[in-house]
Amino acid sequence: MSDEPLLSVEAFGCERDGRRLFHDLTFTLGAGEALELKGPNGSGKSTLLKAIAGLYTDYTGTIRAADRLYLGHRPGLGLLLTAEENLRWYAALGAADGARPPIAEALARVGMAGYERVPCQQMSAGQLRRVGLARLLVCAAPLWLLDEPLTALDRSGQVLVRGLIEEQRGRGGAVLCATHQALGLPGAGTLSLEVQHASTEDGG
Amino acid sequence: MSIRELWHRLGSPRWFFRISGPLATTLGLLALALLVTGTVWGLAFAPPDYQQGDSVRIMYVHVPTAIVAQSAYILMGAAGVVLLVWRMKMADMVIAATVPFGLTMTALALFTGAAWGKPTWGAWWVWDARTTSVLVLLFLYIGLYALRQAIPRPETASRACAVLAVVGTINIPIIKYSVDWWLTLHQGATFKLTEAPSMPPEMWLPLLLNVLGVYCFFGANLVRRLRVEILERERNTQWVRDLVAGAPA
Amino acid sequence: MSGPGRLFAAQFRRELTTALRSLQEALNPLVFLFLAITLFALGVGVDPEVLGRFAPGIIWVLVLLANLLALETLFRRDYDDGTLEQLVLLGRPLFVPVLAKVTAQWCLTGLAMTVLAPLAALLLYLPGEALGATLLTLIAGSPALTALGAVGAALTVGLRGGGVLLALLILPLYVPTLIFGAGAITLAMSGLEVRAQIYLLAAISVLSVTIAPFAVQAALRISLEQS
């Protein structure tokens, strides 16, 4: 593994609907590191994650990121398909030829063993969330971008998220996570964002 | 200045704003001169058509507007490619500035076409190749305009319009060709407007002046709209603040 | 990284599975086609001479509209459940998945309508000698409808009230296909050669299917950026 950070954000600036969200934000995330993004609604947590993921491109500055997985507000699961079909599709999009995706193991790890053939439509919000987490295991990437991963999860689910993040760090991966509830990750940094008001400085 | 340098400069709204003031005035004056000469010549001095009589003079308004409406759409297609490939801010503004102009010109072309149809064919609307193409073009413009209105964020709206304009531009020649074929199918060869056997110079010269004039008008209009658009988009930057405060740009 | 063939197969299978599980929704445009044909018969009258003469235009206009109805859901479901953003985040060209989606959509609309066209022709008293041309124009022209329509669907996917807007954006682009499609059937009714029009339709389809996925890809990225 090289010493290159898995994520480096340099002089990141972003304005949305005439409101400045970020100005000259710089940070890096290396192997085994985790960073919690904190801040009130509207402070730009989701926008930052989307920009790093590649969904949002109206920003200034540079973002260099390794292969990444993004878990957003929406689960990313076809509701008419079963958990297994959804994960198999993800595996086909990303996995190497011939590699058997460990779908059953991944579902077992997130506490959804036995739900392989259940259509996602019939699952609760928390269960959908868990299947979404299984995707992180099936698709495997060094950088995880998690937007409010604890939403809709019960206590054991929250423990599960913490466990998954720790495993990811142990593998030499990195995690950037936006959350309202403190995750309490050992040795994780925190980046606090504030709501900024209408921009006044020179942006050109 | 090398081409590469010019290309880079064009990407800078501030640079464009600085140089474009005289450009807009020049184009505007040129448009005024050409349009006045062409229109007065065409309406008052050019000979009447041997078949259509004086009603042929509508041509001096109809043809230039129809031509410029189509060119404006193609320009948007080109700007769309520039915006999508190079992410050039100015291209986005070109699209934003062209939609209302093109829409107006298309509507004007359609109206004058209808007004021309009445004395020529005795009906306000005739499915002639040119009027039909212009009608489809009007719908293409309305689509762009509606899409623009439906998307709240201006940056996103322009890029969406860019995609549509590119697809539309690729389609325009196909639409024209299909409409021409459709007419041969349903009408056979008929007398076509403006294709009277070899127009004499006294007729096509004023027409040419008006076509050039309307292009200059388009240029002047585009530059002025771009300047307004630039000020609006860059209102939070220092140079616009200085400009408003009275310092030279 | 998996090959394009595997990617196409995975996406295509996903689309068909989803369509099969919401079969009613997939069939609705076809039902609309026949419902509207019935309305035409009721509105125009059932004089075989008159109805038969209008049949080419009626069939093609209704095929356009039925296609349009089906397009609304093409990306909507994936947009709502978040799979679309994951697809865009693949970090490589979306050409293959988009092509797979368009192909699946065409099977459910263009191909299905071609299969059902004889029934439509029967209801509209289309002269028998024009049936072959009808099938050929539909099979050659309908891929263009789906491909061009996908661009509009991708542009409007995140917008409220996108349905009418979609019609406004896409129907003008359908003009050439309509003209050559309906025109060829009309020619065939008078026993004329229509090969040229079929080739033209096929050419428009090939052009659309080649270019549209790039436009769809750009449009999807744009639509996702505002969510």
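Lettered A, B and C in written order, each chain numbered from 1.
Keep this in mind: a contact is a pair of C-beta atoms (placed from the backbone, for glycine too) under 8 Å apart; a residue touches a chain by one contact, two chains touch by 3 or more.
Remember, predicted model here, so these are calculated numbers, not experimental data.
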Contact steps required, at the very least, to link subunit B with subunit C come to 1
The chain whose mean C-alpha position lies nearest the overall protein Cα centroid is chain C
Chain-centre distance (mean CA atoms) for subunit B and subunit C, in whole Å, is 32
Per the C-alpha means, the centres of subunit A and subunit C lie apart by a whole-Å value of 37
Per the C-alpha centroid definition, the whole-Å distance linking subunit A and subunit B comes out as 47
Subunit A residues touching 2+ other chains are 58
Subunit B touches at least 2 other chains through residues 153
Listed in rising order, subunit C residues that touch 2 or more other chains are 225
In the complex, the residues of subunit A that touch subunit C are 53-58, 67-68, 70, 72-81, 85, 88-90, 92-97, 119
Residue set of subunit C touching subunit A in the complex reads 1-3, 6-7, 9-11, 14, 17-18, 21-22, 77-78, 80-83, 85-91, 97, 221, 224-225
So, in the complex, the side of subunit C touching subunit B is made of residues 148, 151-152, 155-156, 159, 161-162, 165, 168-169, 171-173, 175-176, 179-180, 183, 186-187, 204, 207, 211-212, 215, 218-219, 222-223, 225-226
Interface with subunit C, subunit B side, in the complex: residues 84, 136, 139-140, 142-143, 146-147, 150-153, 156, 159-160, 163-164, 166-168, 170-171, 174-175, 177-179, 181-182, 185
